[in-house]
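In order of appearance the chains are A, B, C and D, and numbering begins at 1 in each one.
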Amino acid sequence: MKMSRRVLPAFAAGALALSLAACAESERGSGGSTLTFGAAGAPSTFDPFYATDGETFRISRQIFDTLIDSKPGTSEIEPALAESWTPDESGTTWTFKLRDDVTFTDGEKFDGEAVCANLERMFDQNPDGQTAGEYWGSFFGGFKNDAEKDPSLYKSCEAPDATTAVITIDHATASFPTMLSQTSFSMQSPKAMEEGDANGIKAAGEGFTFPENAKNPVGTGAFKLEKYDEANGTVTLARNDDYWGELAKSEKLVFRIIPDESTRRQELEAGSINGYDLPNPVDWNSLEEKGNQVEIREPFNILYMGLNLKDKKFHDLKVRQAIYHALNREELVKSQLPEGATVATQFMPDTVAGYNSDLEPYAYDPEKSKQLLKEAGAENLEMTFAFPTEVSRPYMPDPATIYDALRANLEAVGITVKAVSAPWTAYTDNVSAGKYDAHILGWTGDFNDPYNFLGSFFTEPVANDFKTSNISWGKKLAADLQAADAIVDEDERAKRYEEINGQIMTEYLPGFPISHSPPAIVVDGDTEGLIPSPLTAEDFGPVSVGGE
Amino acid sequence: MSEPLLSVRDLKVTFTRQGAEPFHAVDGVSFDVRPGQTVGLVGESGCGKSVTSLAIMGLLPRRGNSVSGQVMFEGTDLLGLSDKQMRERRGRDLGMIFQDPLSSLNPVVSIGVQVAEVVQRHRQVSKSVAMEEARAMLDKVGIPDPRRRLREYPHQLSGGMRQRALIAMALACRPRLLIADEPTTALDVTIQAQILALLKDLVSESDTALVMITHDLGVVAGMCDDVNVLYGGRLVERNMRHDLFAAPAHPYTNGLLGSIPRLDSARGEPLDPIPGSVSDNLPWAESCAFAPRCPSAAPDCLASSPELVPHGGGGTDGEGALRCFHPVVPAEVAR
Amino acid sequence: MLRFVVRRLLQMAGVMIVLSFLIFAWLRSLPGGPVSAILGERATPATRAALEKAFGLDRPIWEQYLLFLDRIAHGNFGASIRVQAGTDALEIFLDRLPGTIELTIFALTIAISIGIPLGYLAARRRATILDNVSIIGSLVGVAVPVFFLAFLLKYVFAVQLGWLPVSGRQTPTIDATHITNFFILDGLITGEYDAAWDAFLHLILPGLALASIPFAIIFRITRASVLEVLDEDYVRTAEAKGLTSRVIRGRHVLRNAMLPVTTVIGLQVGSLLAGAVLTERVFSFRGVGDALAVASTERDYAVLQMLIIAAAAVYVIVNLLVDIAYAIIDPRVRTR
Amino acid sequence: MNLMSSKKERIDSLAASVAEVEVAEAGTVKDTGGESLIAGAWRRLRRNPIFLIGLTLTALFVLLAIISPWLAPWDPAAQPLIDKVERQSNPVPGPEPGHPLGGDNRGRDLLSRVLIGSQQTLVVGVVATLIGLSGGLVLGTVAGAFGGWADALVMRVVDVMLSIPGLLLAFSLAALAARPSQWTVIIAIAIVQIPIFARLLRGSMLAQRHSDHVLAARALGVRPSLIVMRHMLPNSMGPVIVQSTLVVATSIIDAAALSFLGLGNPDDRRPEWGQMLGASQQYLNEHPHLAFWPAGCIIVVALGFTLMGESLREALDPKTRR
């Protein structure tokens, strides 16, 4: 009978497979100087302007350069395509001196025109592009053809000569020009954008369809896109041999898409990838033991327990203080967060200018907490307290366990907690819709600017997650923050923010900063030259495999 | 007197079913079949006639039974043969036809192939030759338009056609012995007659010996030379056909005859069927198994087990035989 | 025959339409949705509203559905936002299909080539050690959660012993050229045999994991129906014809016993698709299942509805093919 | 995925075959041994090692679920080992006196959780089966008993449901839940079973509508509803029982699959094995025992139910009888 005769070959093949697998094994991981990096997800596009997620930025960052870049290993900024930049006294007109030794990988010269072409292109988006171009939205505000509806920070750009670009903005803000270090604002080849109809983005169904340009990116970076093999889930970059900076160490840079965290780790051990981002802290030690290098980044994030101030029961400061005193954050940080994590004293990490170093962490003091609750007459306080599932963020590697600890603390002081959870995407919805009394959430900084933290939390008093509009000081706080952001002088600005941070933590206490946790990145033993960045903005150019 | 083609000696088949105690389906049956002769094995269902035939063909399930005795076929004991040797002989030297023609044919294989495969198996010939042979056979068993039928499947044939096809297969290699197990029971009366006639011609012309297994004395009357009556796994009476019908000696035989409706019997005269059923049997070991149902049973029937003794005019193979303490006296012969 | 096929196809079309609306409707009743999937922490009512407008999510559901149908009519199934942002859902499905087909075919081959012979043996040696052991074995195969089995296989043969690749479809450094996206086929076409071999190695572990359940079922159906057939009179007839045991096994026992088995094999495709979601996830195998898992956790509507409807379609079509195959094997159906 | 899900023909054949038996049961036919069918089935089962193994495993499981509260040394939600937990250096506390299996990543006693886990697992398995069964009972009875347009309508619905591979449907349904919970899991699994039970019942009822005892009853002018209740339904219970046993097993496994995809019940104070298995994913590399305990339990229990169901099927199936 046919079937039974087919058994043998099948077995034979199986046996053969096992025996020959060894050989296949040996050939893996080799391949000259190829650096293979495990990515958690597919890049959403190769045009960083329309991107929001880390996986996409990581790849774009290798292909493109920005005018300003962050100094490797820090959140400070340093010159990149622009050698220098100087504001006028009003702080609204900025003159950028550009490098003149830079060409795009399609041979186009990088010059002032190119800069303006880029900015104009970003500014001039069709309605779909305006929703997709989120970073521009959150940093520059409006776009060309809806300027009045939503004034844009960007005004104009001229290129008096090849090595100069003059950018005019609406009003002075601390975040300009720092924001130009955002990968979204990378410099792309004007020619390529022309040919690739860069702005021809369209909403289709619930997503966007991107124009050609987003499939063949042309930048000035250390690498250029070779191919994106969607069927095999790999993005292959090749070294850009006439890069203006130091040439990349490895000829090929391959990103392998491996959605499952534990699989990434296994692949690293199997030697088929050289590294991956955000290893599970649970694995850090064993990874180290197995000879890999776990690079712990400086924490540049904040985890907080947010309150929905729409609910009157939280309006008494005593209640809020009571809750804060009930939280045993020392224990939490020690038991649930990775090494290098610290207890937070305010809504931003200490590396950010305007950090108030005088603030002391609220002590863990259940008795005092009970006391305060009594005084506030809120002995039997009840709250729905929510946490997200199906997600791991740099500031909360495992939401459930963190939530657990906090809930236990709260129940310990007699607060009745209704446990609620939702999948990440639904969760963020419900939070901003104010569906929960309390929630845990956090933020990872885009660059070194207090407004990037505090601004995101407490401005837009009606809309923000804390619903601060419902409480007396809400509007004032928002106003103060916007004012502070407009201060041109850095030191003065820093002072102001320190004051505000003080106020927030003592007078307002809209929520409870919990901790800052360091995200890590891991590479195998003989991979060298990776400089971990607190902004998770690593360049792979200097990285070499196999110690070549 | 020619040598017997098949001579069964003291054949015993015992079914051992886990839990239940062993059951003697066939309990020392002996009979002979001579070339070209037609011998009947008669009895109610459960008397062991089918088991006997399966034992001869070596078709009893591998597990759960033990076979002893002798089945001499042309001087070799079939029971002694290996499975492989037996396969060689089945279909070539011994053919068999079964009761239900539909279920006995493979529904998904064309008639042609089912006939041809026997030929191919036993005379190493090419497929085409075998097919041609098959066509000839179908023609011979009286299937109209055989060429078309070759390509057809069992469900497309009528009951009679199917049985003819089965016969064609059984006789395809001109076996010297054909065993027909209730070949007509599943068929309409009209068809029955045709099939029996067909069988009769075929065996006579090809000089094939036929063992006709049936519960229907009518069939026996039509065909057999010798008749063996089985009851409870043992032979109770053997005789030549006309002797048996003329003077049934065993009450059971008599009973069987009595239960055939006859055209010449006076109207209103009741049939006298055999009371009770096989399930009332006694063990042969210490009594006459038939005693409980036997009209002329006497105490001694229950006391000891009757032996098979020579009797009457006998069959063509020497004398007839009888296993009874109180044979039927001609006066009592069922009418 | 033809009428039968057409009728089935029409039925299918009907089912698909109903299905598409149901899926479309409930997907939009999900919490979260693509907007927050895109925005995450950065979601503000302003940005959310803008996106919802761009996506037409602010319109009533039935209107959205009509728009959806209209788009489909124009061969536009909606762009993915996560699985492969910007790519049309249909395109994604077609990109991923070859991988899953390779995987499922491999799994089915294993399941069939072990399940049927073993089932036959078990039936022949009914109630022997072999029978009982293989029954229990097959049932264990069913009792082990597929994803756990997959993990075990990966852990032992890939991580610990390092015999086979841990995940993926092909080692990227091999840098194979892809034409059909059936990697093994591609390798053979382009003569890059090492690439084909590498792709094959990547199939083994997920294939084995995926095969466990179809194997168990095929095995047991084979066993059951062989037992049934062995009792049939025509097998006795065949024996009476003195046919060799090979002919009897092949022509008379198995050919009949295969009828129910073919049906069941067809039905397995459904469970294979579901199993693929789990195995492909464990092995980060770029197939439809992996896309489906990502799409469902990341709320990638367009892809999700595309894949579910497609899965249903595939399932229905395969079973149609099986019915046709059945008709071809079984003359009683064909010649009626 | 799950054993008999969406296997139309298989279901129907099972229905048909056992309906046959049940008809026999009803007294029109007797099996060769002349003994009643159930008795016969039982005689065969008593000697069937596979059935006995299955029975034992299942019994033990149910027993465990009942007495686990007294066995478990700790409350499954309590975190006695929380002080031992160091997310990085010691995320999963190992065994120690009083905690033979150690704790989980949240400092809870693993042994207690595994023991208590049996309860929720049993609940998921049984409740899901019951829901699926009662749903199928209604649909199947309507379709099978009355036939005609009712039948046509119900069967179209059923076919739509069956046209999505079972587990995929469950995934989708689970993803539908706004607030995932034990119930959403149970319901997601249960709904998948409804069409299967429906077909099953319909099948065996259709088989009976023309069977002698029903015709007889009808001839005697028994009210249709009564025929359904008194004659058809009871006689259809055979295949339903077989299917149910199998469904309990698949439900438990499917629940695990849902948790694995992150679609399970997030609240794990009252643990369920599948949920524990799903939660152990990120610790698989370093602490596989977190997965092995619940996985082992699931396998054993699922095996128990399956062994029982399969041998029941065989015992009741006239074709495979000897």
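The rule we apply is simple: contacts are C-beta pairs under 8 Å (C-beta built on N, C-alpha and C of every residue); 3 or more make two chains touch, one makes a residue touch a chain.
Quick caveat, the model's predicted, so the values are computed rather than measured.
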| item | value |
| --- | --- |
| Steps needed, at fewest, to go from subunit A to subunit B via touching chains | 2 |
| Between A-C and C-D, the pair with more C-beta contacts | A-C |
| Chain whose averaged C-alpha position falls nearest the assembly-wide average | C |
| Euclidean distance of C-alpha centroids - subunit C vs subunit D, Å | 23 |
| Inter-centroid spacing, subunit C versus subunit A (mean Cα positions, whole Å) | 37 |
| Between subunit D and subunit B, distance of the C-alpha-averaged centres to the nearest whole Å | 52 |
| Mean-CA-position distance for subunit C and subunit B (Å) | 55 |
| Residue list for subunit B, restricted to those that touch at least two other chains | none |
| Of all residues in subunit D, the ones touching two or more other chains | 178, 262, 284-285 |
| Sequence positions of subunit A contacting 2 or more other chains | 266, 390, 422-423, 426 |
| Residues of subunit C that touch subunit D when the two form their complex | 11, 15, 18-19, 22-23, 26, 29-31, 126, 132, 135-136, 139-140, 142-148, 151, 155, 159, 213, 216-217, 220-221, 224, 227-228, 231, 260, 263-264, 267, 269-271, 273-275, 277-278, 281, 292-293, 296-297, 308, 311-312, 315-316 |
| Residue ranges of subunit A touching subunit C (in the complex, touch as defined) | 1, 3-4, 6-7, 10, 14, 17-18, 20-22, 24-25, 27-31, 34, 36, 41-45, 52, 127-128, 130-131, 134, 137-138, 203-210, 214, 229-234, 236, 254, 256-260, 263, 266-267, 269-270, 272, 390, 422-430, 432, 441-443, 456, 460, 463-464 |
| Contact set on subunit D toward subunit C in their complex | 1-3, 5-10, 13, 49-50, 53, 159-160, 163-168, 171-172, 175-176, 178, 249, 253, 256-257, 260-263, 274, 277, 284-285, 288, 291, 295, 298-300, 302-303, 306-307, 310, 314, 317, 319-320, 322 |
| Footprint of subunit C on subunit B - complex, ascending | 57, 59, 86-92, 95-96, 98, 100, 103-110, 113, 117-118, 121-122, 152-153, 155-156, 166, 169-170 |
| Of subunit C, residues touching subunit A in the complex | 30-34, 36-48, 50-51, 53-57, 68, 71, 76-89, 95-96, 98-99, 109-110, 112-114, 116-117, 120, 154, 158-159, 162-173, 175, 178, 181, 183, 194, 197-198, 200-201, 204, 249-250, 254, 281-284, 286, 290, 293-294, 297-302 |
